[in-house]
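Both of the next two complexes hold chain A, though its partner changes from chain B to chain C.
What follows is the complex of A and B.
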């Protein structure tokens, strides 16, 4: 019972942190503050991954998301002149009025399904997360792993093509 | 209630918050950030399912989601920059055509 309660306390703390930062990401006005709230969301996600026993994924979340992607966003934001984007900061009010009740009802429906549903039976036991993950990734999922490198190469070429100046 | 169901519900909430951000934000860059929130919600659901089942397949899928997220950020921000360069600095409702 005691261990269970500790799990719930950790869940409530991390979940509140995650949801508050996600709401901040959506509703805060300035793009720099949006990026900071997004960084806070990513840190909360990494902590939740650690709690759920996905250590390798937590580290990769920190390295790829919290370093590479966030720095990419900040670099792009610094190239944009501030006085010109003041005009379209913020959110659409009428769309918010229409969308938020619909999405809330959708959330209630999906949560009801999850609460009423049953989980599948466990089929295995992960002893060493990183070892099992690496073994599975380089045996069963070797071909998708190689294809992922092609996806990254294509994305790199596309970004260079899109980002260069027209002659 | 099982705590893993609470994690699944948390991932649904994160996904829908990101979806709301895609709908309501005016700035193109913050729309991209909201899609990242949606991808994070999916990752959380995959990892929670892994914890329930005692497997690692869901985490491998989460790796591929991360790969797609990195590719999406590179191409998406390239598109945003080229839209800004082509048409000036406009809100998302003013961009209604792809050509000049």
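What follows is the complex of A and C.
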């Protein structure tokens, strides 16, 4: 039972790290600190993927999310002179009113799923994560995969169109 | 339980060995670089402290460690300190996926001279290599200084561009080896009896460009640009806090990326057995050092590109070449 317990301890440590950073992302005031907490959340998530044995997912989480995407956030956020911007201090009342019932229902739904549903069980010991995932992606899930790439392409063209200088 | 404890202790030992060696070698590379730069520029380099100036790194370390701590006014203190960690940690973690030699048996136990032999080693290496950009960006931002901030933004633009090229350039090697594991790639080369540089010379040249850009070496060192930015993002750091940045970026990062280049293109520990059981380690270190030497050599002989040229080279020239290389390799691998 030694290995199980060690795995459990590691999971608890990582989970605490993940939850604390997620809370930090929501509650910290300075936008730079928010993005740092967000980065920490992503790293914790990658670590949890590693513990669960999803190595490829962890690597992709690191390289796509933690690096490629967040670098752009950081680039934008760091260049804004925050001390000159007048910020709203207080609580967004109407937004809170609208959002809280939705959040409550979502929470109930999720709790129901966790309590009543079945967790995904590993089918068997996967030897090469990367190879299996690649095979699945390019045979069983080829169409959704291609659709996703087309959507990304559309988004890219849109971004270029928006960012283009008007002549 | 016992085997678990044993493997934990053993991993810790490996981590300690690699960590201390990397820091020691990193410190002594400063001596080597200054000596080499001196001879390239027809000077002598450090000569005063110890024979051939060999004790110079230790003197430097003592000097840096005993300096007064100065923090710029208006700096964001937590981020200011954390930036040092964010710069150092990824470059040191990079060393975890480097295989220093083949596995061997001791007392019936199989031992591999690599800290983490995971099957996503290459993905991890590139992710960590680009994670170090946060150290650069946040150090520049937290210093509350225009020079530092311009330097860090330049570095961010360079890393974004070259990370993409780097990913595509090594895809050819991955296609040939059929695995992402560093050990697997070396074994594939030994099995085929040919180093991948023979099949992938274009990829190697692209990799070299990216290596120089990621580690901020000449001709891509616009984030430092002494003449315009008074050394850029680390200008507001003093003492050992300053020392950590070049150590991470210029030395540990260069060692790690060179070692990965050796794994990808030069057959890792492959080589004639001239030193008996120690020869794999000798070959690995020798090849890595040759690449480090090449990097430093370029650093002290070339001028620097302009900021806009560097990103343009990456997006408009290197990336199309890299993609073409991948397509051709894939077709050739598929046919044969």
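Descriptive notes on the structure:
Keep this in mind: the second predicted complex is superposed on the first by the 118 of 167 C-alpha atoms of A that agree within 3 Å, B and C clash if a C-alpha of one lies under 4 Å from a C-alpha of the other, contacts with A are read in each partner's own complex, and residues count from 1 in each chain.
Note that contacts are C-beta pairs under 8 Å (C-beta built on N, C-alpha and C of every residue); 3 or more make two chains touch, one makes a residue touch a chain.
Not measured: the values here are computed from a predicted model.
Legend: residue contacts after superposition of the two complexes on their common chain; A:120 is shown touching chain B, with no touch to chain C.
Of the two partner chains placed around the shared chain by superposition, chain B and chain C are both touched by A:68. Legend: residue contacts after superposition of the two complexes on their common chain; A:79 is shown touching both chain B and chain C. In the superposition on chain A, contact of A:158 is made with chain B only, not with chain C.
Judged by the touch definition given at the top, the superposed model places A:56 against both chain B and chain C.
In the superposition on chain A, A:128 makes contact with chain C only, while chain B stays out of contact range. After overlaying the two complexes on the shared chain, residue contacts for A:41 are found with chain B alone; chain C is out of touch. More residues of chain A lie in contact with B than with the other chain of the pair chain B and chain C.
After overlaying the two complexes on the shared chain, residue contacts for A:101 are found with neither chain B nor chain C.
When the two complexes are laid over each other on chain A, chain A has residues 56, 60, 68, 72, 79, 129 in contact with both chain B and chain C.
By the touch criterion given at the top, residues 2-3, 6, 30, 32-33, 36, 39, 55-56, 58-60, 62-63, 66-68, 71-72, 74-75, 78-79, 128-130 of chain A touch chain C in their complex. By the touch rule above, chain C contacts chain A in their complex via residues 1, 4, 76, 78-79, 82, 118-120, 123-124, 126-128, 130-131, 133-134, 137-138, 141, 149, 152-153, 156, 159-160, 163, 167, 179-180. Taken together, the chain B residues at the contact with chain A in this complex read 1-10, 12-14, 16-21, 23-27, 29-30, 32-34, 36-37, 40, 43-44, 47-48, 50-57, 59-60, 62-64, 66-75, 77-82, 84-85, 88-93. Listed in rising order, the residues of chain A touching chain B in the complex are 4, 7-8, 11, 15, 18-19, 22-23, 25-26, 31, 34-35, 38, 41-42, 45, 48-49, 52-54, 56-57, 60-61, 64-65, 68-69, 72-73, 76-77, 79-81, 84-85, 87-92, 95-96, 99-100, 103, 106-107, 110-111, 114-115, 119-120, 122-126, 129, 132-133, 136-137, 141, 144, 148, 151-152, 154-156, 158-163, 165.
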